[in-house]
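Structures are listed in the sections that come next.
Here chain A shows up in two complexes: once beside chain B, once beside chain C.
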Partner chain A sequence: MLQEESDLSLIIAQIVQKLKGSNLYAQLERQAWASLQRPEIKLESLKEDIKEFFKISGWEKKLQNAVYSELSVFPLPSHPAAPPEHLKEPLVYMRKAQGSWEKRILKSLNSMCTELSIPLARKRPVGEQKELLNKWNEMGTDEPDLSLFRPVYAPKDFLEVLINLRNPNYENGDSLSFRTHLGLIQVPLKVKDIPELKELFVELGLTTGQLGIDDSTQVPPELFENEHVRIGQKVLTEQDSAAAQQYIRQGSPTALRAELWALILNISSHPEDILYYEQLKTNVIQHDLLVDSLIYKDVKLTASNDDYYFVFEDYLYQVLLCFSRDTSVLSHFAYNSASPPKSYIRGKLGLEEYAVFYPPNGVIPFHGFSMYVAPLCFLYHEPSKLYQIFREMYVRFFFRLHSISSHPSGIVSLCLLFETLLQTYLPQLFYHLREIGAQPLRISFKWMVRAFSGYLATDQLLLLWDRILGYNSLEILAVLAAAVFAFRAVNLMEVTSLAAAEAVLADLSTLKVMPLLQIFLFATVT
Partner chain B sequence: MAGKVKWVTDMEKSVLINNFEKRGWVQVTENEDWNFYWMSVQTIRNVFSVETGYRLSDDQIVNHFPNHYELTRKDLMVKNIKRYRKELEKEGSPLAEKDESGKYLYLDFVPITYMLPADYNLFVEEFRKSPSSTWIMKPCGKAQGKGIFLINKLSQIKKWSRDSKTSSFVTQSTKEAYVISLYINNPLLIGGRKFDLRLYVLVSTYRPLRCYMYKLGFCRFCTVKYTPSTSELDNMFVHLTNVAIQKHGEDYNHIHGGKWTVSNLRLYLESTRGKEVTSRLFDEIHWIIVQSLKAVAVNASPSLTSSTANDRILKYNLINDTLNIAVPNGEIPDCKWNKSPPKEVLGNYEILYDEELAQGDGADRELRSRSGQSLGPKASRLRDAGRTVLTTWK
Partner chain C sequence: MSRVLVPCHVKGTVALQVGDVRTSQGRPGVLVIDVTFPSVAPFELQEIVFKNYYTAFLTIRVRQHTSTHTPAKWVTCLRDYCLMPDPHSEEGAQEYVSLFKHQSPSMTFPKWLSHPVPCEQPTPLLEGLPDPSRVSSEVQQMWALTEMIRASHTSTRIGRFDVDGCYDLNLLSYT
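On to the complex of A and B.
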């Protein structure tokens, strides 16, 4: 009991510390001062009266949402003596692996730089700045020569690194047993089995209404949909983050989704936020970064060719170019196993005073990165709001999909979860695919790294991301991947090569995610 | 013994021929006994022309109504809608109701339009009322965006002035006739681009009016960002959305051809603007289609040339569903067929309007629903067409 209490006070202290530096704190202070004018505030009971005022005026709710937001993102309480690296990643071998992976990426970036003799950053001449400002809303029409640029890495390169991960303290033994893991990932992380997943995803059960299933045309809306929409509207009126997160586990009505996500992510557009975005835009105009070309290339290769997202090409530049320059993103490295790459001012290699993070936000984009932003364009068309939502999604979820860590929502755990589910519950399929040289993870990896963006139809993708937000976890990606294999099992059993297996799973655009998930978790005999 | 349907076509399109062959229908020539003839526009004209035409027998179906050009030709379409509105007004139909400023409440879906050169003077009068407006000139008989241009000065259309002595332009020739409409320069933009809707509507009978809308219509986007700036009036890539034009733009992407499905559009609009507005939008689109059909007749040929792989699949399925409705069960056509097809054969079509069914529910329901009065839970959108037999709007 004592331990819990001291844990709690530690967390509270940390959160208070964080919030004290925030805009909300300043606003609350201002509101408290202003409230002194009010007749109901009496000197004798100042504290209680102000608290009461906050409750009635909705400010307490805002504070509640901010605290809830911190709790969602904050890593679990650790020993007060634990060094900061443990917040990033407790396991040494994982930290080491992430470190060498980063070195490789940086090396690749630097050599591209040297080969092409392009500086990592340069200030734009005034003429070029003017031109870019004019073209800001249609950068997609620009045709810079990108043929010499290559993406710094692609998901499959990253997969190779994960396959080679080993825990030096773990002795696998040479003899095969029923415990042997037959997949590609060979590290002993704990992952959930179906009974545990059923507990976690209890709201996806067969007896609970779902959007994505119970709103189809065959079902009368009175049965579920109407009531669910009504509750959603109520949640929005109350502006309660925690309630919204619980609500959205059953899916969000399309008309309410933009607001619900903003509420859950605790994003509100204040003038300061819009100003901040404009400042980032100015940074883009004034300085050209090498990563900008990587971003252009990525957008041109992926989003521009996508049936749904090509329309939003220009928004993607506006978001991603600003994102690269946003130093506030650096704070998420406190709980990300990755670390921002450091670069040194020319001639001052190794001197810490001349070190800068490159790119300024510490995130080097890889092939497919722009697909994290694309689906959001269906919800938000105001650039600064779109930007804020994306940034928050990145620092809460997406970063875990391309850094090496032991976190249950980290990509390593997701891969292991996927493989374990398949091996345990579809052993025949798993064994068959392995035999023909088609390890399932080789096919599903790219789906999970991109959180299925670009593979599912947009409406289905949004229903999936509803649940990511609702459960504050990415595990559902692994479950869906396994469910897709289960769904196409009959065809997969008949293929005899990796290429044929890829072909069976090439087109996911007709899949309905919620029925697949439900059947896999709740309707399959385990 | 039920014979096999005998088909003819004068268009070498795989989406057609594959559909006929998969049904086991028999290909014949037009001189033989045929049941189903998928005709090009030219052939239709010949079949139904006064001099060269012939009467179809009871077991023959073609893919166009004789008066289809009443909607294809822009001048005839405008004339028909104007006439339809006047007729309704004369009958005292509540559909023709106007507001205080004289605008039709329910039938205002065509912008101010004039025929040139016939209405030149009327047009000039209107133009002078708001001289900074932009107008769009479209040749009456062309399609695929050919010959269209925008103007914002009278001098740009001096040629069409009836009194013009310098005009070498033959005023009476219907081939050179144009319509000029007020250009809507604040269109809905997505991703900053203008787009239009390509919807497929099948009309199986006129009396009673039975029409179906294909659920998988699509939007076509311009490759270039929209700007109402007058300096870009000449840039057709900004203003016109026909694929034929966009295909030649530098940025045209062959993988997706600048299209979205209508359901994408719906998702986007519901997400960014809300459900009520979006539902109302689609209701009004359906309303316009039905009213236009009632005003007249059917459009000529939609393009059956496929621009992308997805497009090919779409058009194949479209023809498939069309044939299932038009020639149910692959039986030899019979002009006495009068029953509404059962729900299962609709495929991706949904009932847009079925006059018989609508009249069964009472004609005044149509107006009540238009003016927004609730008709109860049964009167919900077209998607319910599968469950109830209702075919009017909410």
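On to the complex of A and C.
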């Protein structure tokens, strides 16, 4: 068998294997059996007739969407000799760095546990369970004493770790030379330049209509907006994930956004999904976790203080507390360089049959984590749907923003992409900022780690996240960060301190993201 | 036809360097690895598997014995095969690589041939998708591979995160 064919067969085999355990498989089987009653299904041509039936009834489309979803999320199968950790992260030094970082987080959580004498997990007494169930929809009114809790880490702690990443095989000398990177990131990952980005983001070009630009009040809607909305409605009727992903590169009309995102992420709310969410809610009621306090603290510190998001405070608890209990999230660690923290049932240290993950979903929230959920509250009001969308966004995109990996959408690559774009296309600005002790990445890091949530106006943020979904990549975050610096370059050239530079870039709430991106990529003289 | 691992002896790397080999100034970009096959029985090599570590280009040369009368000669099987598309970045730097017999036009190995195999045409790039029924029969062979991959992943516990209703934990473990 030829190498290319065997690669394709392996991919097909893996996808079939994955889908076999899914709800869709069971449904397809049931439908196939049921279709035998139909007159058009003949025994002589059984296979072809059933296939035809699936095509007409829309089941083939559902299968296509599921396959497309698998292809978008899971990396291609690697070499048969490659161990599982290679799939998580191919570079050994990055794996080691991620391992050390995780150890630090675990130590921090353990010391919080022992200092405050609070257990990692506690079964709630029945009275407390009842009380929590009663105020499930208004947990925001609770004012627990969180003063002793501190976030496990903040983005700037994580940045320090990334700055210290070194490839042991990379020789660039101790002294500053042409070969040392001028920015903070010192690892030689491959990042795209503007010509390559123009190719990737071709739909953002000057001659293509965009929502966020060509739907402004001065532009007559007949020129672009009306037609774009009509096409969007057609895409939704067809229920085609791949078409939706292509369509959304030009932005999503507000009225269609919730459905389009659900289609792209292949989320459909079946009774089983609602039941699953209710089960997670029961888990929250039954057990109290230390991470719950971290979540509470994070929501109170970030989303509750935000003018746009404070109204959604209760939703945020309902999503994030359930998220911590969701063991299905564990499967994403197959392609995440991070690993879920492990613990043992008290008194059974070292006995594998009593080993558990903590928290159940393996994700320890950090300062600002709740901002990944907040913007979604504008789109989805039904808790289980909101939950499913957030979970899928997390396992496809957000996890990459706080784990150390060499993936092109990983935070390390995004940082390097940002710095390289700035150095290459705004060298004077970059040099000036360095000279005054204001390394640009120190300012833009927090924007990228949060995918700009809480920094942009919500309508602009949603237009940005449309493109993340459309291109299945987070690289646009780095491009936008560079575009923001380019936009405020004149003011930045006049500042003489880090504090002043930060002040220039403190308020992004008036920015319009699509014009900035378009100008930076397609209209800047290079 | 089943495939087995061939015992081989991989010698240490030798730098190709002009002049005094003890000079540390020059950093040679070419290293040579000798591989010998101590087993006497003839074999047909199908695949070479290795893990790369920052090698950009690979050349494989084979010492071929054509007959007992003529001296053995070195034949190049693979020249400058690219392992890292951009040698200054991490792409491909630590990847697992397989080299197959068909990739080399004249991949012949000593001690089993009395005359060299005629030059094979390099296989053409695949056009379009493979035939579905052929693929589905070959999928059977792939089950073994995917089972292996699946079995070694972190086992996902469906639904339950506790052990028999108990989730009373010690501290977190550092593995």
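The working rule: the second predicted complex is superposed on the first by the 517 of 526 C-alpha atoms of A that agree within 3 Å, B and C clash if a C-alpha of one lies under 4 Å from a C-alpha of the other, contacts with A are read in each partner's own complex, and residues count from 1 in each chain.
In the analysis below, a contact is a pair of C-beta atoms (placed from the backbone, for glycine too) under 8 Å apart; a residue touches a chain by one contact, two chains touch by 3 or more.
Quick caveat, the model's predicted, so the values are computed rather than measured.
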Worksheet item: Putting chain B and chain C onto chain A via the overlay, clash or fit?
Response: fit
Worksheet entry | Comparison of chain B and chain C by chain A residues contacted | C
Practice prompt. Return first, second, both or neither, reflecting whether A:Asn167 touches chain B, chain C, both chains, or no partner chain.
Written response: second
Discussion item. According to the stated criteria, A:Pro253 is in contact with first (chain B), second (chain C), both, or neither; which is it?
Written reply: first
Worksheet item: Which partner does A:Asp459 reach: the first (chain B), the second (chain C), both, or neither?
Response: first
Discussion item. Quick check for you: in the superposed arrangement, does A:Gln64 touch first (chain B), second (chain C), both or neither?
Written reply: neither
Fill in: Touching partner for A:Tyr315 - first (chain B), second (chain C), both, neither
first
Discussion item. Looking at A:Asn137, would you say it contacts chain B, chain C, both, or neither? Reply first, second, both or neither.
Written reply: first
Worksheet entry | Contacts of A:Asp307 with chain B and chain C, given as first, second, both or neither | first
Item to complete: Rounded to the nearest Å, state the minimum C-alpha distance from chain B to chain C in the superposed three-chain model.
Response: 29
Item to complete: Note which residues of chain B are touching chain A in the complex, please.
Response: 190-193, 221, 224-225, 251, 253, 255-256, 258-260, 263-264, 267-268, 270-272, 274-275, 278, 310, 377, 383-384, 386-387
Discussion item. Considering only the defined contacts, which chain C positions touch chain A in the complex?
Written reply: 49, 51, 53-54, 86, 88-91, 93-98, 100, 102-103, 123, 125-126, 129-130, 135, 138-139, 142-143, 145-146, 148-150, 152-154, 156-163, 166-175
Fill in: Sites on chain A touched by chain B in the complex
137-138, 140-141, 217-218, 220, 222, 253-255, 257-258, 304-308, 310-315, 377-381, 458-459, 462
Worksheet, complete the sentence: Seen from chain A, its contact residues with chain C in the complex are 1-6, 8-10, 12-14, 16-17, 77-84, 86, 90-92, 103, 106-107, 109-110, 113-114, 119-123, 167, 169, 187-190, 279, 283, 287, 325, 327-328, 330-331, 333-334, 339-347, 349, 353-354, 356-358, 360, 406
